[in-house]
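Shown below is the structure under consideration.
Should a chain be cited, it is by its letter among A, B, C and D, assigned in written order, with residues numbered from 1 in that chain.
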Amino acid sequence: MAYHRFEPQVYHTTIGTHEPVLEIESGDRVSTTTVDARGQDSNGDQVTERGNPQTGPFAINGAEPGDTLAVVLEELRPNRSWGWTGTSLAANVLDPEYEASFEDDFEGSAKWMVDAEAGTAQLSKPEASPLCGIALPLAPMVGCFGVAPPRGQAISTSTSSTHGGNMDYRGFVAGVKVYFPVFVPGALFFIGDGHALQGDGEIVGTGIEISFDVTFTVELIKGAGEIGWPRAESDEYIMAVGNARPLDQCVQHATTEMVKWLQSGYGLDARTAHLLLGQSVEYDVGNMYDPAYTMVCKVRKSLLARFK
Amino acid sequence: MAYHRFEPQVYHTTIGTHEPVLEIESGDRVSTTTVDARGQDSNGDQVTERGNPQTGPFAINGAEPGDTLAVVLEELRPNRSWGWTGTSLAANVLDPEYEASFEDDFEGSAKWMVDAEAGTAQLSKPEASPLCGIALPLAPMVGCFGVAPPRGQAISTSTSSTHGGNMDYRGFVAGVKVYFPVFVPGALFFIGDGHALQGDGEIVGTGIEISFDVTFTVELIKGAGEIGWPRAESDEYIMAVGNARPLDQCVQHATTEMVKWLQSGYGLDARTAHLLLGQSVEYDVGNMYDPAYTMVCKVRKSLLARFK
Amino acid sequence: MAYHRFEPQVYHTTIGTHEPVLEIESGDRVSTTTVDARGQDSNGDQVTERGNPQTGPFAINGAEPGDTLAVVLEELRPNRSWGWTGTSLAANVLDPEYEASFEDDFEGSAKWMVDAEAGTAQLSKPEASPLCGIALPLAPMVGCFGVAPPRGQAISTSTSSTHGGNMDYRGFVAGVKVYFPVFVPGALFFIGDGHALQGDGEIVGTGIEISFDVTFTVELIKGAGEIGWPRAESDEYIMAVGNARPLDQCVQHATTEMVKWLQSGYGLDARTAHLLLGQSVEYDVGNMYDPAYTMVCKVRKSLLARFK
Amino acid sequence: MAYHRFEPQVYHTTIGTHEPVLEIESGDRVSTTTVDARGQDSNGDQVTERGNPQTGPFAINGAEPGDTLAVVLEELRPNRSWGWTGTSLAANVLDPEYEASFEDDFEGSAKWMVDAEAGTAQLSKPEASPLCGIALPLAPMVGCFGVAPPRGQAISTSTSSTHGGNMDYRGFVAGVKVYFPVFVPGALFFIGDGHALQGDGEIVGTGIEISFDVTFTVELIKGAGEIGWPRAESDEYIMAVGNARPLDQCVQHATTEMVKWLQSGYGLDARTAHLLLGQSVEYDVGNMYDPAYTMVCKVRKSLLARFK
């Protein structure tokens, strides 16, 4: 149960079987940093290329394909005073016939002042925007993280699949425990793309993109049976994630994974799992901007108290 | 501002230009009842055919195509002590390859005891279910309601479109004000398909299906400019609804409608509307069982306080 | 086996249980006319409202829900010398980010000269178009036809479903026999929206829209077992149609209907049907412009010669 | 313009920036072999792992990102006397509620005798199948081929994207010239997964899977302007390919790419391109089994004779 403070020297814009930057044991805790989606660090210096560069990979000793890697997100803290966002809604979340009539000719990214103490973000550029002066509450979350995928693939950090990746889900906040299927020896965990705040769907193509101080603990789960998709657990909910297109297919993956979890993890028979989900399931929207979208299927833990 | 107590004698399983059962004025309030999705009333008697039979239509004097009809859902109260639900998840929300292995051979509907006083629902059949004894909190909502569609269409109450219909959205609860585009003279408002409780998506094909006592007030809005899709307002949120398939297209309709609302209703320019939605939008899932699915795009009213 | 020459006086822009314009017997043959999608007849006079107005409905005596109505399209002949088309690709078949940069400021519809003798169509307006002078071969087809849907619905002629409707499939040409499920007494057959020619998908929102002389024969099939979707037969192919969104769902409906047809109509066991389709199925694209899209699943009749 | 006879020693199940097996020049011709989807060679020996193993990559000297690589498929010839196929339709092309009732309990793959001289394939196993004895005409095509993708990705040969990959399109036959965007120095061309025959969509998950003798010629096109998706040309058609999900998105990519091609390659203005496609476009279905589906947008070259 060692504690590692790790300073990244290299970043990756694919999640794949890359050289580990650190080998750790199940139970270990790691504090490190992530750069923003454009490769800018806590000083605003561009230290690597754009495209959700990832810190890592961290190899977990003893992890083998078929195991599950649990990662507790202990701290996700913006470590500078500003972030940036896109300024136009993505065409894919608007009617095909819709055309925006912008009165301005603003180009480039919007800028937001981030006050981690006060826990707020405020738009600062475009300067004349009527939004300037409205303080949005911070809700730091990690946009892109996961483990090396199977078959020797190296998957772009702009998308997501069974290994995790660019899911941009607002529920991936500090305190949440996330489970990934292990596909390669060492699991190879990557993390990056912090958002100080984000609307559902990341529909302007970004949250408030910012560099993070990150602390996480890993736990290797042997022999609990394979999982098919990322899962997560907060104080209130268990969650199953589906990454695909269209959203309907995300729903199919996430719901099927949740049914399996209720059966194998909580001992429910299939009928009970179906009945319970029917009247209590909740769905959240993750990314709706990338090649693969994300939906999350949730069940309140209070409903499961009597099981397991 | 008359008050009408109306006892339905006839029900409809399409929403169309049918003979009005009552003519009312803008500002009027109506108390009536709805039968459950199978046409069973407060006594459990089947008084009409199955398929989300609707009470109405109520004609609003003076309503013309291009107007907007606002309906405040004042009371939505289960008026009997039991409801029923489906027992298996719909195939369309599960992976195509998934096959449930039910240990039981239970057939027919599940039965739930509904205690409106205590505000709970409990499964009572299948009797041996491990769910029996877990009290779920009631959250009464209306599954299917809307106005006569354009072009002389009569649209099945199993689906939804610009006129509303079978949207099965958990947010349509008492206290919410819903706006519909008016397509025909008198608007012709229909309401039915009450649920004591429902999971997101209505993924077993039903909520807890039950008969309701319903009270609503109508308000005719002339000349405010056409709306394209149902909209709604609660204390906390404004909401725009999209009904289509796949979910991605629902998102497109709902988001576009919300952008228009922010611009024409709150005076935001397009850029400000996009920026605001990007970092604060929320999406809820409505029906994912019917021919047309439903997604809802929401914005917190607190963020709009300074506008308009 | 009577022959009827019918002159329409009334048209419908929904397909529903409307008053029959003619009652006919199984085996009867009808010659009539259809107006173009804007309600213009053979003289170019606008005789009814826009929106794929339908001739009919024709009631077939003895038809009952559960029967099948076969309609042989004997003649589909443009009966005037010009048609019109849209001029821009529909936004829904182009990338969301795509924006056309038209050099012209042409508005309104394009006009095409149709020479039924020569069997060609030529663009005549916009006059300066480089396409003027290229003779495209005529391929007359019917865009929208079908029978009254179930449950008292009246479905807009802008869309399609199990009852047929606006399928815009290039394969619906003279010589083809089309099968519809019967949902209401008399079946109630409608026909309209002739195209002198059309690209796959009707992706500018129109084919070459034109009025038609139409001759068809009806055959009522009792007790052959219910069909779920429109089917068709040409000299070369049997075809099953799926109407929905997205295209993936059309494929699901059409393929499932074809499997059922191979089993119940040709006596194949399920394995043989799957194996045969796997290496010989063909798919065609119908409408990709309307609320519901269309895909057609085809099998060559030569492959089925030894069965039945 | 050298001619290379190449014997593969190594195969890849991702398409990525792997070590070239041969460096060739623009204009060179290569004869080689491919193994079947399970890694079986012309002798039926399993020489590498399953999963559409690719021969290559072949590096084209001088190829740089932004160039286009043309590959003429000169010969695609099954080099053994049998192939295999799946035996059940994929769940994703059937209605979610559909369940096959197989009378047999056949497991494993079906086997087909392939007679390259006679140009036919016949089912030989399951032995009792009514299909045995029906000779299907061979139509050899390549299922999976393409070039190294951008951003250091290594993309599984079970899927497809802008770089090509597992497109399973029946139109990729001998005589066709295919164009790929070049993303990495040397382009890195891979080829594999030959099918003696295949139905549209590869809806049993396979064509008739077989090893091939392959001959192709490469041509490097410098400075013609970037292409966004694979394109192809036969004697009759020009074709643009879209790979994504759902099919609707494939259509969007393929149609947009075709519009661009007509404009930049044939000098059509946008209006003319739209008008031409509207009345003459054809769409073919490629793979409908993989994570990404494939649609092809085609235009007859005869219609383009007067342009360019």
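Assume a contact is a pair of C-beta atoms (placed from the backbone, for glycine too) under 8 Å apart; a residue touches a chain by one contact, two chains touch by 3 or more.
These numbers were taken from a predicted model, which means no experiment stands behind them.
Novice: Trace the shortest chain of touching neighbours from chain A to chain C and give its length in steps.
Specialist: 1
Novice: Could you quickly compare C-D and B-D and let me know which has more C-beta contacts?
Specialist: It is C-D, judged by the count of C-beta pairs in contact.
Novice: Averaged over CA atoms, how far is the centre of chain B from the centre of chain C? Could you give it in whole Å?
Specialist: Measuring from centre to centre gives 34 Å for this pair.
Novice: Taking the mean of the C-alpha atoms as each chain's centre, how many Å separate chain C from chain D?
Specialist: Once rounded, the distance between the two centres reads 32 Å.
Novice: Please tell me the distance, in whole Å, between the geometric centres of chain B and chain D computed from their C-alpha atoms.
Specialist: Using C-alpha averages as centres, the distance is 47 Å.
Novice: Quick one: which residues in chain A touch 2 or more of the other chains?
Specialist: 92, 94-96, 245-246
Novice: Note which residues of chain D are touching chain B in the complex, please.
Specialist: Against chain B, the touching part of chain D is residues 90-92, 94-97, 99, 246.
Novice: Okay, in this complex, where on chain C does chain D touch?
Specialist: Going through chain C, the ones touching chain D are 85-89, 92-96, 98, 100-104, 106, 110, 121, 123, 126, 129-131, 134, 136, 197-201, 203-204, 206-208, 245-248, 251-253, 255-256, 259, 268-272, 274-283, 285, 288, 293, 303, 306-307.
Novice: Residues of chain C touching chain B in their complex?
Specialist: Counting only chain C, the residues touching chain B are 13-14, 16, 51, 151-156, 244-246, 249, 291.
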